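As structure tokens, here come the structures.
Next come two complexes built around subunit A: one with subunit B, the other with subunit C.
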Partner chain A sequence: MKALSDIRVASLLALALLIGGGLALPDWALFLMTIGLAKALVSLGIVVQMRAGLVSFGQGLFFCIGAYVAGLMANFAGLTDIFVLTGISVLACLAIGGIFGPLLANYRGIFFAMLSLSLSMILYGILSKMNSLGGTDGLNVAAPTFAGYAPEGRALSLSLYLYTSFIVVAIGAILRTGFDSQHGLVSLAVRSNELRVEYLGASVRRTNAINYVISAMLGGIGGVITGLAIGHVDPEYAYWTTSGEFVFVAILAGYLSIPAVFVASIILELVRSFSNLYFPNTWQMVLGVFLLVIILTLPNGLGSLFHRRREGGS
Partner chain B sequence: MSTSASTGTPALETRGLMKSFGAVTAAHDITVSVPERAVWSLIGTNGAGKTTFVNMVTGYLHPDQGTILFQGQDITRLGPREVTRAGICRSFQIPQLCSELTVLENVLVALAIADPKPPSFFRKARESAAEDRAMEILKRFRIEEHRGRLMTELSAGVRKLLDIAMSMCGHPKVMLLDEPTSGVAAEEKFPIMDLVMEALTAENVTTLFVEHDMDIVTRYSDRVLAFYDGRIIADDAPDEVLSDPQVQRYVTGTAPAEASS
Partner chain C sequence: MDLFLVILVDGLIYGAWLFIVSVGLTLVFGVLGILNLAHGSLYAIGAYSTATAVGIYFAYGGDAFPLGSYAVMALAALLVAVVIAPLLERGLLRHFYHRDEVIGVLVTYGVFLILEDAIKLIWGVDPLFVYEPYDLLGMVEAGPLFYVAYDFLVIAVSAVAGFAVWYFLNRTRRGKVMLAVIHDREMSQTMGVNVDKVFLLAFGAGVFLAAFGGALTAPMISVSPGIGVNVIIVAFAVIIIGGLGSIEGAALGAVMVGISRAASVHLMPELELFIIYFVMAVVLIFRPEGIFVRTQTRKI
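Right after this comes the complex of A and B.
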């Protein structure tokens, strides 16, 4: 009960901080924060898998599916309600993750990483060739509505940011509960010793498949919000460099802490924005050096600053 | 070779198990029948086939030929998870622990998995009832003081006990211990075996353990299977087996030296 109330208190504090910060932020920073938080959800999906020892290099698959489902629903079915679009995208990712999850759960290490990457690249190839979906140019996405409310200008940016904040806090709380659950602990055990887990009577494959499906849904939510915030979706969402950025954030954050993933994602967006401004031709090098420093100084990621797993603590 | 000494259904029975790795035959016609609540030891030199036998019974390896029956049910083709779920657990020569988890968390994992329902996403792993049960188990094996430690901070003896404690969380009917005292300091061997056997006999667990220390074999087992070259060359009470000339020659190395010509 104490842990549950701790999660509630932390969630309310995080929500207050996000709302308060959002109201004070200028437009450009509001957009950057929305994108940073949305993409953090996608990276959080990788973190869910990292806790069981797997790293997906194809998280762009679900990011792209989420974004395209929202774009297609808005353009072809006239659906602009963000709640409905999020729900449909999550269901689409759940279905596709449910198909591929049990298959990919048979693989480990580089095989899992490459197979997940290949799926996202197949989607990239298909979307690039489909002129009916805009080909490589992609689609413009209509501005979202919020249960009948159709804001414009700063109100739209703020509404989208607040929606993202609520989603982020809700998912953070659910995942914290999940990380502390039986499934969460078994995932950590899988990461440490698969043989032991099987010899205790649990299915490593089942654990990994569940994590993949959770990861898929998180990717979808991140994709919807990013697509709606940018107002445009294109096949680059599924490209390997996009997936690489999600892996970058997951490694930067580590698997120990959920807030660290959001911090890492926002740092990436900030570094990218400012490096792009001041070092337009070498900003990737700045990112690379930054990641190198983090790996050397904090091998378990930024999360190890907030979260120590000792004395029976999780 | 049949070893059935029980009138009821044996806890564990193997019939004609064969296993080869290329040209090497690791198991040749292994037939045993282990009655319930028996404590048997498996002895033999390295490569004699003891661990291959344990691996076949626990589903890690599948025999090329032969049948494995657990309480009369065929488990020959089951994998480790299904075998464990059926009621056969094992410990390992090199303890298989979750290195990134604490001692308490290792036991909590074992308890969560031992639950008949699959590990839940919405049920806390560290709820007080589970922690109490985990502490009970740690106390039973007298390793509760290590609850917050990681595996790298544990002695070999504590690791062995934790490995066995985790296997016991599933309330097995049959337990196979692969060298439970190997790598353990000499003075720790008997205390460790006392703790382990006390826990196993308290739950009426049929036990087979692989062992190289003949003092432990004679003290704790009521029957001994001596393996050599993938075969069982002796199968009897400890004193009988250990005085068998073949066992002395091929297993224990205690045969009197032959007169040189």
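Right after this comes the complex of A and C.
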């Protein structure tokens, strides 16, 4: 029970920090934080799978599905309520993840990475060719409403930010509990030696499939929020370099700590905006050097800075 | 019948090109165990170097002997390999041989990001053209259609390259040593093989093949930023279909993808963009690790 109350305290603190920070931040930073947190949810999905030793290079698939759900509902069904949109996209990702998860659960390592990548590239191909959905130009997305409340300007970006903060904290708390649950611990065991896990009576396939579906739903939520915040969706959401950035954040954060994923994602957004501003032609290079330095100096990611003692002790 | 022939020829041309851009990737993975995401960037660097070198060649009197531009293309690719391979392999990749395969992918993803910007810094963002070598050989009549003879040169070069790699690995002493390192690195080291040298040689060959693929492609396209990004994905698909690390697999994968793509272009153009993933998914459903797989021991 102590662990549970720890999570509650940490969640409340995180929420207070996010809300307080949000009220103080200028508009541009608010937008950046919203995007950073939303994309962190997608990377968190990769972290869920990384705990069982799998790295998906195709998380853009669900990110894109989530974003297009928002775009399509707004354009063709006139739906703008953010709660409804999030719900629909989670269901859509649950359905699609439920189909692909069990199929991909047979694959490991590079094959898993490349198959998930090819799924997202297929979606990219389909969306680029579908002129009814805007082709490569994509769609504009109407501003969201919040259960009837239709803010504009600063109020809109603040509402979106607060909505994101609540979701992020709730998901963080749920996942922390999940990581310490039986399923979460079996995932870690799969990472170290899956044959032993099978001999002990747990199903590796089932564990991987469940993790895949969880990460699919997280990807969808991240996509909805990003699509609404930017106000535009296009097939690039499913392109492999987009997925590469999510993996980048997951690796930067490591699989040990949940808050580290959000920190890493916000760092990436900061590095991106500032290098865009100051080195418009070499920001990818900055990112690449940054990635190499992290892999060389912190093999288990930023999270290992907070968690080293705990892992060493067990 | 004509359509069938057209699909076959188009498929072989595209397949030959696919083979030349992916064989280096599979070779590097086979020996070093690193799936090189920067392969596409090396291809792009090969294409840019060729564009520059051939441009210089014709600017300084190459018109007198235009066929010499082919030698210039090969030299440009060789130069890229000699400069870049030791830097990357000795300076970076060798730190990751004992790590997970996925870490290798990420490290090379970092290299990819760096090289993409480096290319823009060196050659700028305006497209370059080197059409001279493409037009040199004239046209060839094949059945009802005319083809640029250069396309058939690609098939020939690709076949020669594939044979050379196969011959080297299976019929020469150095190649057999390389195979020994692939099978058991520690045991080869104990037997006195200089494993570091073998790795550098294999990576150098991989970089050369990537750059050479770019050199061969440069006359057919406008050399512009981003050409490497798409190549890497199709090359991956090809070598995954064939089985990672297998040269024969890469050849078979390239021909399968080439012909499927040609068939879709002529029969169902809307499928062209993702036919390659479709072939890959179908192959992986039946052969989860590709067509030619090396047996692996399981650790309990």
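Just so it is clear, the second predicted complex is superposed on the first by the 308 of 314 C-alpha atoms of A that agree within 3 Å, B and C clash if a C-alpha of one lies under 4 Å from a C-alpha of the other, contacts with A are read in each partner's own complex, and residues count from 1 in each chain.
The criterion applied here is as follows: a residue touches a chain if its C-beta (ideal position, glycine included) is under 8 Å from a C-beta of that chain, and two chains touch if they have at least 3 such contacts.
Because the structure is predicted, anything quoted here is derived from the model rather than measured.
In the superposed model, A:R196 lies in contact with both subunit B and subunit C.
Touch criterion met: A:I251 reaches subunit C, while subunit B stays clear of it.
After overlaying the two complexes on the shared chain, residue contacts for A:T136 are found with neither subunit B nor subunit C. By the document's definition of touching, of the two partners only subunit C reaches A:L291; subunit B does not.
Once chain A of one complex is fitted onto chain A of the other, the partner contacts of A:I210 are limited to subunit B, with no touch recorded for subunit C. Of the two partner chains, subunit C is the only one touched by A:N106; subunit B is not. Looking at the shared chain after the overlay, A:L188 reaches subunit B, while subunit C stays out of its contact range. Of the two partner chains placed by the overlay, neither subunit B nor subunit C lies in contact with A:N276.
When both complexes are overlaid on chain A, the residue A:D180 reaches subunit B alone and has no touch with subunit C. Set against each other, subunit B and subunit C touch different numbers of residues in subunit A, with C touching more.
Looking at subunit A, you'll find residues 193, 195-196 touch subunit B in one structure and subunit C in the other. Partner subunit A is touched in their complex by these residues of subunit C: 35, 92, 95, 99-103, 105-107, 109-114, 116-118, 120-121, 229, 233, 236-237, 240, 244, 270, 273-274, 277-278, 280-281, 284, 288-289, 298-300.
The part of subunit A that touches subunit B in the complex is made up of residues 3, 177-178, 180-186, 188-189, 191-193, 195-203, 206-207, 210, 309-312, 314.
If you check the complex, the residues on subunit B that touch subunit A are 58, 79-81, 84-85, 89-90, 96-102, 104-106, 108-110, 112-115, 118-126, 147-148, 150, 166-167, 169-170.
Those residues of subunit A whose C-beta lies close enough to touch subunit C in the complex are 55, 57, 106-107, 109-111, 113-115, 117-119, 121-122, 125-126, 128-129, 193, 195-196, 240-241, 244, 247-248, 251, 281-285, 287-289, 291-292, 295-296, 299.
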